[in-house]
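Just below sit the structures, each encoded as structure tokens.
Both complexes shown next keep chain A, but they swap its partner, so chain B is in the first and chain C is in the second.
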Partner chain A sequence: MKTSFVVFLRRNLAFAKLAIVSNLEYRLNYFVDAVLQPTITTGIEMLLWFAVFAGAATTEIAGFGREYYLSYALWGAFFARICTSWMYESRMIQEIDTGSINSLLTRPMSYYEYYFSQLMGYKLITTLVSMLVPVIVILIFDLPTHFKRLPLAFALEFYYLILVHSISFVVASSAFYLNKVHSFTGAKNLALWFFTGELFPLDLIPEPLRSTLIALPFSAGVYVPVGYITGRLEVSSVWQSFISITIAIVIVNSIGAVIWRKGLKVYAGTGA
Partner chain B sequence: MTTLKKYLSLYLALFRTSFIADLEYRVNFMTRFVTDVIWYSAQIATFEVLFRHTPKIGDWNLAQMRVFLGVVFIVDALYMIILSENLDQFSEKVRKGDLDLLLAKPVNSQFMLSLQKASTAMIGNLLLGLSWFTYSLLQLPDFQWLRLFWLIVLIPCGLVALYTMRFMIATTAVIFTRSENLQFVWYQIYRLGMRPDSIYVPWFKWVLLTALPVGVIASVPARAILEPPHLALFAWAVILAVILLYLSNKFWKYSLKFYSSASS
Partner chain C sequence: MAIVIETKDLTRVYKTYQKPEGFLNSLRGFVNRKYDSKTALNKTTLQIESGQIIGLVGANGAGKTTLLKMLSGLVTPTSGDALVLGYRPWERKNEFLRQISILLGQKNQLWWDISPMDSYALLARIYDLDPSAARKRVEYLASMLQCTHVLHTQLRRLSLGERMKMEIIGALLHEPRVLFLDEPTIGLDIVAQQTIREFLEQYVKEKGPTVILTSHYMDDIAKLAHKLLLISKGSIVYQGTVPDFVAKANTELAESEEVDFEDVIRRFLETESRVR
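Up next, the complex of A and B:
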């Protein structure tokens, strides 16, 4: 039992390393993906908040000053980059579509773990590289951030990634039954773009939508961790998010397991 | 005139073929529509929420911002229907050698690359955008409906600006072969144009109307219907469209010199 667990760990560590190495292979591409894109997004969002405060002619919105919103926009863009999954989900879909999944199905591992560990490896290196930007900007411009809260915020973010991958697994498994499910990825990620709180802090939304969106596990992608480190939220919100993510992981993985098993039964081995 | 007729009938044939192909995958057809509905809703929600906390963003109030969003949706839908799929697959066409086939055809290669496939699933988006736009105009007090005529000129100019910038970025795939991430940078630049130009500082606004002209896509047409006519700005939008079209063709011909055929 102990040996098999060690093998499992080693195997998944190797998958994570594979993701890190393969992503760093094309450094310019990686730099654009991990640093340049979220930096431009941050710039656009910060300009919007400058304009919002100029128009409002007030020093505070919903109890927070302009610096809080700039800090939120800054961290938000980078956290959003971490909590979104395009690349691996697209690969999973493509493998089922084309039949190249066959070579993975014959290996002594599960399809879920193969991509899960790669996703985690990729997100880990992206976090280490990309988060330098907001940290430097915060230090230069002295924007509100509780650096002590960062470890718990990242812990929540990485726990949320389990849910993100589980949803990707469900989307990819539906490729056994349907053609061109790539568009599901687009629809799902756009919906999450709103639900995570990347666009604006979710507490600006009027009730009852506000409480509903915050209670959903997706707020753990951006709103809760960023709200926590910028001082909008307290630690109780983080614990609540851990609970809602756990419930969502159980539900989504149950659905995923059913779709996957049934999908394998109808799969002819030559591409879906 | 004969050439124009030839290209028009060719485009109609391509459009018809695309429609039949799109109908084959009905779930995909629906999902793509739903995806854009989500995108539109997110844009609307962002400004509706922000305007609960401020009376103005940039130069505009909520009613005017709704009109701006209407223009954004219409231009975006037109771009998605006519051009998006072709330009998104540009890199693939270069890598897989499909470009060879297009270059061998007895028609303008830029035309074929840009307009070969229409995304007819997005026609629903256009209807949705038009509905939102009409609704937003009806909310405007004292709106001068004659101003809508400006859109006949300015929306095509915005579309040309959008097309040429995207085309030139896509064309880098011929030179570098792998330039996917440059394409992703494009989406960030495009986002600059999805916000009203008045939120930007003056020098940056100037950049968005000249060097990186995403401001022409929606902000200029929106200004034409919301504000008294800025004739110089409108003339610039037309001149810019012509310049960009010319430059895109020149850049395309230049980049073809680097093309070394299939899987290059």
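Up next, the complex of A and C:
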């Protein structure tokens, strides 16, 4: 007899496949999303660091040379795209706002797992496709990268995605009360642009803010994995990030569970 | 016959933001909002036996969909209680959700960006069905509904009638014991309405699920429903069979006058709209 865990796994694998199948239905949109966008972002961020070093007429900033910053910008843009959730968070909000969630609420599954597995499936396939961009650039420009460290960095990144999705769940659940909450996603992602270290390495920020920002779980989005593979950080920072993400997941999901439960009580089954 | 749906004093009150028209009132409403309470369903008590098609009829806003949504677990009541197949619907236990299905005629339940066949494969996983058995069942239902040719076309490319047939297959794939149908024939042409009506009639005869059906097309109710629930301003005002309802209406009319089911309902809805 099948255990409920096997059923759960198969179901979630099917959700992950759904994300891949539905995205591949629109080939050009997917190509722009998975290849063109990361190429443009990478180009912009690398150009920025070229300009900074050229303008400052220096060979080092905070003990690291230009190649380290170019490598950080390259991998940073790549990791930032993995750890940001625009599309699925917007869909989650819209489904609650418009009442499309009705078809999910009446099926034997949870809203959280449904979107979590889709997010993971989508991120996995997009990561594999768009990784071509940084790898090619690294090889062409011979930028510092510890390729052996990539698996642990990716493990941290995908663990961080659980927190990303949990935050999306909290934001989306607030749509039960407020309907239109897309601005929350914008404000949150803008803040995370800074907190994750996508904008620049967090160790450039002066103390005491620097230690605080690095200790927060959000640094696991970009700064820690990228710092680790480019040689700015050692493995101990990665383990610390795993711990801070775990604590944050517990806290955020507790908040999410309360907002979700109360939200369902006020939900009017919008539409139809 | 066993009782599958039971409600006691089921009530739902909606709180809605009231904004007088105009720009200044929008500004005022930004800081100080006024809310109004509306009772969508008022102390509804009913019992429904298994294997029947129940026609739920009422004017727009009478509370039909709210009742349907409460019984399917989408909406939590403000007060009162209900049991469907022995479960409190709004607790949304998986064992309960595996045995019901809801089809909202004005909303898609299947996935817009993929083909119905891909949707059914996903539903088979969600309901933990054997994939090959699910495929056979899809083929069987599709042949009954005469829509096998569109099973592999992306849902968004289908006509309304084809889409509704696909939705019906999706709703029946896991053989639900209770089926909630909210206006399943809305917007369809006469032929499609007829096909769906005949299909439902045959399906209920074969499988015997309990069906709660709302429709603004009285033909749906008259031809399919074993029992009628008439709802007005959030309260059930009639429970019984369609022929009894018509007979009762005719006894209240002058001797020279005789009406059919559609006439009685039309008169009822006209009275409703006047006193609203």
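Convention: the second predicted complex is superposed on the first by the 268 of 272 C-alpha atoms of A that agree within 3 Å, B and C clash if a C-alpha of one lies under 4 Å from a C-alpha of the other, contacts with A are read in each partner's own complex, and residues count from 1 in each chain.
To be clear about the criterion, contacts are C-beta pairs under 8 Å (C-beta built on N, C-alpha and C of every residue); 3 or more make two chains touch, one makes a residue touch a chain.
Since we're looking at a predicted model, the values are computed, not measured.
Shared-chain residue A:Asn102: touches chain C; no touch with chain B. Legend: residue contacts after superposition of the two complexes on their common chain; A:Leu28 is shown touching chain B, with no touch to chain C.
Touch criterion not met for A:Lys262: it reaches neither chain B nor chain C.
By the document's definition of touching, neither partner reaches A:His146: not chain B, not chain C.
By the touch criterion defined above, A:Leu18 lies against chain C but remains apart from chain B after alignment on the C-alpha atoms of chain A. Legend: residue contacts after superposition of the two complexes on their common chain; A:Ile40 is shown touching chain B, with no touch to chain C. Between chain B and chain C, B touches the greater number of residues of chain A. Contacts of A:Ser183 after superposition on the shared chain: chain B is touched, whereas chain C is not.
In the overlay built on the shared chain, the residue A:Val7 is in contact with chain C alone; chain B does not reach it.
Shared contact residues on chain A (touching chain B in one structure, chain C in the other): 26.
The part of chain A that touches chain C in the complex is made up of residues 2, 7, 10-11, 13-15, 17-18, 21-22, 25-26, 99-100, 102-103, 105-109, 264-265, 267-269, 271-272. Against chain A, in their complex, chain C makes its touches with residues 14, 65-66, 69, 72-76, 90, 92, 94-95, 97-98, 100-102, 104-111, 113-114, 118, 121-123, 125-128, 154, 182.
Interface of chain A with chain B (complex): residues 26, 28-29, 32-33, 36-37, 40-41, 44, 47-48, 50-53, 55-56, 58, 61-62, 178-180, 183-184, 186-187, 190-191, 193-194, 199-200, 204-206. Residues of chain B that touch chain A in their complex: 25, 27-28, 31-32, 34-35, 38-39, 41-42, 45-46, 49-50, 52-58, 178, 180-182, 184-185, 188-189, 191-192, 195, 198-201, 204.
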